[in-house]
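Across the two complexes that follow, subunit A remains constant while its partner is subunit B and subsequently subunit C.
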Partner chain A sequence: MLTQIGQTVTCWNCGKSPEEVHFCSHCESLQPPTTDYFEYFGLPRKLQIDLGALEQSFYRLSRRLHPDVYFRRPERERQLAVDATAWLNDAYRTLKDPVARGEYLLDLYGMKKSEQKSSNVPPELLEEVFDLNMALEEIRTGDDSVRPQLIEAKAKFENLLEEVDHSLEAGFGEWDRTESRDALEKIYSVLNRRNYIRNLLRDVNAELV
Partner chain B sequence: MGIDLGTTNSLVAYMDSVRPKIITDADGEKIVPSVVAMTPEGELTAGRPAADLLLSRPERAVYSVKRLMGKGIGDVTEELKLFPFQVVEGSESVIRIRLGDRILTPPEISAQVLRRLKLNAEGHFGQPITKAVITVPAYFNDAQRQATKDAGRIAGLDVLRLVNEPTAASLAYGLDKRKQGIVAVYDLGGGTFDISILKLHDGIFEVLATNGDTHLGGDDIDNLLIHIALEDVATEWGEDISRDAVGVQHLRRAVIEAKHALSTEPEALLRFSYRGKQYNRHIDRPLFEKLIAGIIERTLEPCRQAVLDAKIEVRHIDEVVLVGGSTRIPLVRETVQVMFQKKPHAELNPEEVVALGAAVQAGILAGVQQDMLLLDVTPLSLGIETMGGVVSKLIHRNSTIPASATEVFTTGVDGQKNVLIHVVQGEREMTGDCRSLARFDLKDIPPMPAGMPRIEVRFLIDANGILNVTARDVRSGKEQSVEVKPSYGLTDEQVEAMITESIDQAEADFRQRQVVEARLEADAILAATEKAMDHDAWFEISEEERAAIKTALNELRMAYYADDHLLIRSQVEKLNQATFHLAELMMDTAVRSALQGKDIREVG
Partner chain C sequence: MAYSEKVLDHYNKPRNVGTLDKNDPNVGTGMVGAPECGDVMRLQLKVNEETQIIEDAKFKTFGCGSAIASSSLATEWIKGKTVDEALEIKNTDIVSELSLPPVKIHCSVLAEDAIHAAITDYKAKRAAREGSPQPANA
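For the complex of A and B:
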């Protein structure tokens, strides 16, 4: 995803270094995206973001980059506008959602989101997850008596999810203050935990409907 | 121009400096029925003449073809039971329908409707029109969009953009006032249902979420009522006419009339007479509403899902807009009002608003509407098949388009030269439950040990909501060739062949119209000249002049039946020249000054 980042770039039109993110500062032509999502929005790599300001930037950049604006320009520029807007849209979608934003930052530091495996069960939840899986098995085989147990579990995990979201917010704050590896590790484990709980909830909800 | 290519009806509109306007045909009609038929002379026709043929020769007509766009026979088995179409073999990935002696695909049939609209627009502007924005249901998948684009190309149109119908409608609405806030557009048409939730901000129309059902609309109500009426008829007449295509089409028309009446009247009479027999039935609104409640109910789940996906609550919605002919039904309005806790807007004609919005988008692309910008979304998630048939989602539904995703692929066997990527659209976990979109074959991978090649594939959904795939070899940086095998729809070669065929037809259409127009001019001058030959002035001009007029008259009469508008026009001009002096003499001296510069057609 980020293969283009960090390469030295020259403007496709005038051959000089464009110096700015979206348009060449010499010839004003639209440039292909070469920065990460934060920089594309002119933001520092911070995780606590003013969503209102982000939206305003998104609208402002959309007006300048959108393919509709380049519709009567040569094919090359039209294609550039599609690429730039796709990057802008992908960036906005990622940055406006806290979870996606956190995962993206980790990705920038080489910490890929882990695939969900049973070994990733947060240790303090092991017992409850085991009971829950039993209950899920039973309801799938038609035993409706475990329904109250599932409803109870659902409420519990929903509470846990809320707690996790608070921890995530705390992790974000820590990163913004310290930009430390510790903060990244913390966010990483919170996001894994969150992912795990969310999947569990999805399974429970699927059976309760 | 902007085109609303509807299931039942189609319209074309244009931007008249600041305001979109619907273009009418030569008879002043705005609506072109989306019906295509083969005339007894073996020619394809679309619109009103085709709708008439549907009644008398249903086996030679096709309607609601939009429901078959981008579909294979397996998708529409149930549906085809209700349609009188003859589907021929080889319809697995594209449906093929027999129409008279021809076999046509849905894009070709839709192209006939588009061509009719194109001719209407050309008649209006007096010049060829080749560029258009065409609307599609927001919930159309990739194959359905591609099929619509193909139809445009076959009709000789450069399709500038496919715009989602509810979004187009919001453009038409948003044009009037500087509206801000959150708007829900509820679009129940002839064959499809869409719900879109938009955020309006200083001329930016940002779609937050969309949902729908491409198999839900007024057609379903018609079919339900026809079904009931057929049973009644069987009991009353002791005769089952459900297999009699002509009878069913007449009943369809009667049912639709009753349905329309019930939107304004508390009661309607379904009046059906066929082959000397009568069937009459009073339907009051409570009964009608009881019958259709289930169909209307089906629109609610997509509405709830859209609200959820937009990450808003119903109370945040500032306005609700109704689009599509079926929203004229009072029960639909009540249902919408209950769902959104707001009285819905219907100031603009719900049948015209989509075409008007398409014209606005055409204006945006032409640079006429510079302050407006539409940010639409993809309605369905895009994913690839992974191990065990599980779908890995790459682009989620309701992502703003253009949207992209990149994945790196490698080989599983030493020396493997091809990698096949199966792309699907849909929300389910398993490939089999999603809609297969295409298989992309990464070809000519340099032979290497398994796992070594690194092919980066970029999936891009463009502003039309259509997928584009490109690939490059990460090691060499070179572009990697990709062969696309669409699961449904036509290949590029097939479309090209159809375009060639249609260009011939389009040229013939255009020539034919020019001939017709030239003949109209000829008619006028011939009649005027013949009348002038009885005028006193005829004997005041010289013998030579009279001879020249007679020669020009005969030459025009001969040219008249040639299919050559240039020849007809030049003969009209010759006769005009020859009669110039005569026309002058015919003018009474008293009015001569007032009529200076007039020719014979105006003084006769």
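For the complex of A and C:
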């Protein structure tokens, strides 16, 4: 989807440059999304976003893109409305959630989650996660008497997750101020840590049910 | 998705689970991880200084069956090999031995990374030792 960004865009219907993100300013036909999610919602590429503004923009666009509105339009435009609506929903879900929003921004700057290699994970984090896993395993191998320890571990992971979310918020703030590579790196490592801790929490919860 | 028989075998009877003394100058420790799936893998090897042969290898992996099987197999394979031979093991060898499906290929990459990390650690220790003055009886 992102490959289209930066290309010269012409309106599928009248062939002119549409000049506007959602509709052609010449013939008013619906345009397929060619921007990133932020721009599509008319938001700056910032991470501490105004959720109210995002929601308003989402509702407004949902109404304008709704496939029912295109009932009498050409087949091509009806399909565009279906696609744009699906895209809009993905975009909204992504930007609404801080973690998904952070991952999406990293993706825009070529720091793709799926291409993470172990070499990108700081050794201290691996040590920490390894130790936490060891501790959890030790508790798990015990009988019912270990339940208090599991509950303790759960509280610990929840605290860590809260801490991580604070760091994420700080990383977001830094990005919004500086738009620097440094800030992206910070967010990247915080998200990695968060993923590990969330998994640990999931494991301990599974033991407790 | 079903695991292959070889994966299940390693998963149910992992070889060489355990710990080597990471302060032993002849032991290299490699710690790697894949945050996306929450995997962490620690692979350790003990090298005979004279022959450069890996005499012992241990691992401990927290992760899915394929990650455990990949690291278990890796320790089996590197034992008895020289350090240089061990570096030649490719993740694709692990993939074909365990018949890993495409979505689990990253587990084999992790195991290869772990071998490399452990050897890098061993070599760094050796270099540090050679660089610094040796005790008279060493």
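Everything below uses one rule, namely that the second predicted complex is superposed on the first by the 179 of 209 C-alpha atoms of A that agree within 3 Å, B and C clash if a C-alpha of one lies under 4 Å from a C-alpha of the other, contacts with A are read in each partner's own complex, and residues count from 1 in each chain.
We take it that contacts are C-beta pairs under 8 Å (C-beta built on N, C-alpha and C of every residue); 3 or more make two chains touch, one makes a residue touch a chain.
All values reported here derive from a predicted model rather than from experimental measurement.
Scan A:N199 for contacts with subunit B and subunit C and give back first, second, both or neither.
second
Considering only the touch criterion stated at the top, classify A:S62 as touching first (subunit B), second (subunit C), both, or neither.
first
Contact-wise, after the overlay, does A:Y109 reach subunit B, subunit C, both or neither (first, second, both, neither)?
A:Y109: touches no partner chain.
Would you sort A:E127 into first (subunit B), second (subunit C), both or neither based on which partner it touches?
The second partner, subunit C, only.
Using the touch definition from the top, say if A:T85 reaches subunit B (first), subunit C (second), both or neither.
After superposition on chain A, A:T85 lies in contact with subunit B alone.
Counting contacts the way the document defines them, which residues of subunit A are shared by the two interfaces, the one with subunit B and the one with subunit C?
Shared contact residues on subunit A (touching subunit B in one complex, subunit C in the other): none at all.
Where on subunit C is subunit A touching in the complex?
Subunit C residues touching subunit A: 31-38, 40, 42, 60, 62, 109-110, 113-114, 117.
For subunit A, which residues are in contact with subunit B within the complex?
Of all residues in subunit A, those touching subunit B are 1, 3, 59, 62-63, 66-69, 71-72, 82-83, 85-87, 89-90, 92-93.
Subunit C touches which residues of subunit A in the complex?
Touching subunit C: residues 113-114, 116-119, 121, 123, 125-127, 129-130, 133-134, 137, 191-193, 195-196, 198-200 of subunit A.
Any idea which subunit B residues touch subunit A in the complex?
160, 201-202, 204, 206, 364-367, 373-375, 399-406, 456, 460, 462-463, 474
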